[in-house]
Amino acid sequence: MKAGSALLEAEGLVRRYAMRRGLLGRAVEVRAVDGVSLKLERGRTLGLVGESGCGKSTTGRLVLGMETPDAGRVSFDGAIMPQPGSVAWRAMRARMQMVFQDPLGALDRRLPIATQVGEPLDIHGIGARAERAARVETLLRAVGLRPDQGARYPHELSGGQRQRAVLARALATDPALLVCDEPISALDVSIQAQVMNLLVDLQEQFGTAMLFVSHDLRAVRQVSHRVAVMYLGRIVEEGEPDGVLHEPAHPYSRALVSAIPHPGRAGQRIVLQGDPPNPADRPSGCAFHPRCPVATNLCARETPALKARPDGRLVACHVAHGEVSAGQGHTRQEAA
Amino acid sequence: MLRFLATRLARAALTIAMVVTFAFVVLRLSGDPAQIIMGADAPPEAVEAFRTAWGLDEPIWVQYLSYFWAILQGDLGRSMRDGRDAIVLVTERIPATLALTLPALAIKICLGIPAGIYAALHRNSLADRVVMIIAVAGFTVPSFVLGLLLVLVFAVQLGWLPSGGQESWRHGILPVITLGLGGAAVLARFTRSAMLEVLGQPYIRTASAKGVPWRAVVTGHALPNAAIPTVTIIGFMVGTLIAGAVVVESVFSWPGVGRLLVVAVANRDLAVVQCILLLVAITMVCANLIVDLLYGLLDPRLRAAPRKAA
Amino acid sequence: MPEAPLVIIAPTAPAKTRRKAPSALVVFGIGWLMLMLIVALLADILAPYAYTALDLRNRLSPPILLGGNWLHPLGTDELGRDVLSRLIYSIRTSLLIAFGATIIGAAVGTSLGFLAAHFRGFIEQAVLALVDFSASLPFLILALAVLAFFGNSLLLLVCLLGLHAWERYARIARGLALAAGTQGYAAAVRGLGASPWRIYGRHVLPNIASTLIVSMTLAFPEVILLESGLSFLGLGVQPPETSLGSMVGYGREYLTRAPWILLAPASTIVLTTLSVSLIGDWLRDKLDPTLR
């Protein structure tokens, strides 16, 4: 394992959607992802956190090449991502895989599990026919399923078992990168921990790099070597998981952390004011400023850049960088 | 609303343009019209003269443009058989067809909709079963079979009504009944399922649960909502007023547009066929336009967000 | 109507549980359809005479029930042709056309629907415009126009009727493929690197097959009715070939003197379309309650 050299590099990713509102509405441009750069090393995990609609899932699809960015570029193992659907792109799928939020939806309910787990092997022509069956068995065992469960159909398995099957399928080609899009949020709480542990074990066993997309900061911390917090299409803070969790620098990260229920700590929770983020109606300057408790006038005018602090933490906040002293929050603008 | 109207009109024009193009393409694909009309053993000079007369010797795209241009000016060609203007031939048949289709439409609406609503409100009752059996029968008995059975009973056996022709209003009774019954069955079946679907909606349960009288629930909530899909099918029926009686007119030797179409097809009188095709398309498109506008009135949601263009 | 709300409040549940087992009508429908299939397949063995064979001594002979003889159980027509034999061959022709046309329609419509869902953009708009176009014209008129332009042949007739209802399959296939492609199993399989052939052939098609089969069962009687209508008008199946519709058309001339010529094929049409409709409704409730 060539530790240290970046497996995945994304630079300045932008993804816009046109959204039409109402009958007479003009097409409104929605920037789901607005200039995201990230870097992932082999065998490491990057956690991507943010509330729904912040563009984290879109980022996941962009780095996988499932969608083409409107600006910016993705390179995987030093090569630029080919056009989605092309032969080169399809061949590349053997090296990068996705795990979905809804395992039942991601599985074909008309085929038995073993057939689906072995499908990547068929698609990419890996191994002889007889070897494939053995490989499927190994994979099922690796994710904690019994080989006889391979004959079952998706609806005959529990939610956790289905997610294990999806994992087995994703790992079939021994990919270098796994993008997990909210892999546990559809599961029962009791099952979530099992699947999280399984992910960590599998990473050790297979040496797979992971991009772990979740709204749950604690889950992300458990598996990640680095975390990035997203707000309205941008990364607002990035650093070591423990650092971000214990000493969040960005006001938004602070609100996220304070929202984690903590036994024994009757902490003050930061309740965010103002409208939930609407990517179609992005505020000026720092996108977070209308909800930010420490916003200043500068925040409404100027977009803060994602810069490193002396301790290596990356933050995009005027206040956190000391460019301006904390304000009293910004008076909310009338919605246009 | 203006924009809504404009897109609707543009789509209607596109559909008609497609029908014209379809007619043209199919016409040219079908072989040499001159040879077809003149017959295989016609003298070559005569065929050539025919080609020149009908503009068949021009390049294909010139033919297409002039064809389109002519149609825009209302020139739909002449009957290749007797040389009269196709449009005149067709329009003089329209009153006869409407004499059948309009009363039939009235029967469909007056019989089909109440029967469907009644069946839905009394689901699984005897009346519902009877309505549904008649409705299924109305769909599976082809109109020519129904028409001939009526002739067999009322004209041949009982001798009450004439079996064909157009001499008096009594000649119209059997064809109108034939057309009306079949359509009423379709409409009843459709209204019933639309009604049942609406009655299963939570807002109906809410309304009746909060104590709104049942009669008011039905008239105030269920009927307007069930009317939306029903209007579509009625719109389709209105669209077929001109040429919805092809088979029935043939059964009863009724000299309407449908009979003209069948004769024209048998004789390969292409100008007349084209003319009817276009006329039907225009009627259909207009009916669809009206339905779309009615939708806007019936369903406020659609005023705000119409169906996606195309 | 004070009792009415109670009936309404449990709208569909009881009906559905009852429909699990096929009703007597559905059993009848399946039985009749099987009979028709056997007749169509074994027409050469079952038919007592060739369908063009003349028996000039027994012209317009009535069927047994009306006092005819066993030589011609369903009677003969004006040329002394055996009605039973003609009926058997007509069933074969009509079923052949209806099956062929239904399969063509489903194949064309599903392929176009998949194409629209896969490529989106211009191709999708073109397919949708075609769908609008065919939905905006009564199919009978369109069919008559094509027959006028192209003349007539059995193959053309099958292909033409195959275009009937294609737009329904196209709509269904496109809608379901889009739904599967945005987040469901199809997107997942695409992410595995599968080719479009594999995605649509091995995954999407089997998943939407039940919906398509139900649509086919619902379209089948319509095709029979269209074919018999066209043949009745003398514009469908051409003599010496015979179909149920053309038999009715021919028998119409003898409505007063020999109604049996017409009644035998007419009742066959009605029973067959009725059977398939019943089966179709039953299948729809059983397999795919989301279809209207």
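Letters A, B and C mark the chains as written, and numbering starts fresh at 1 in each.
Going forward, a residue touches a chain if its C-beta (ideal position, glycine included) is under 8 Å from a C-beta of that chain, and two chains touch if they have at least 3 such contacts.
Small disclaimer: the values here were computed from a predicted structure and weren't measured.
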item	value
Chain closest to the assembly centre - both centres taken as Cα means	C
Chain whose Cα centroid lies at the greatest distance from that of chain B	A
Centre-to-centre distance between chain C and chain A (centres being mean Cα positions), rounded to whole Å	51
Centroid spacing, where centroids are CA-atom means, of chain B and chain C in whole angstrom	21
Length of the line joining the C-alpha centres of chain A and chain B, rounded to whole Å	55
Complex contacts: residues of chain C adjacent to chain A	183-185, 187-196, 198, 203, 206-207
Contacting residues of chain C [partner chain B, same complex]	1-2, 4-5, 7-9, 11-12, 15, 125, 128-129, 132-133, 136-138, 140-142, 144-151, 221, 225, 228-229, 232-235, 245, 248-249, 252, 255-256, 259, 262, 266, 269-270, 273-274, 277-278, 292
Interfacial residue positions of chain A with respect to chain C in the complex	64, 66, 85, 89-94, 97-98, 100, 102, 105-111, 119-120, 123-124, 166, 169
Complex contact set, residues of chain B against chain C	11, 14-15, 18-19, 22-23, 26-27, 29-30, 121-124, 136-137, 139-145, 148-149, 151-152, 156, 163, 193, 196, 199-200, 204-205, 208, 214-215, 217, 239-240, 243-244, 246-247, 250-251, 261-262, 264-266, 268-270, 273-274, 276-277, 280-281, 284-285, 288, 310
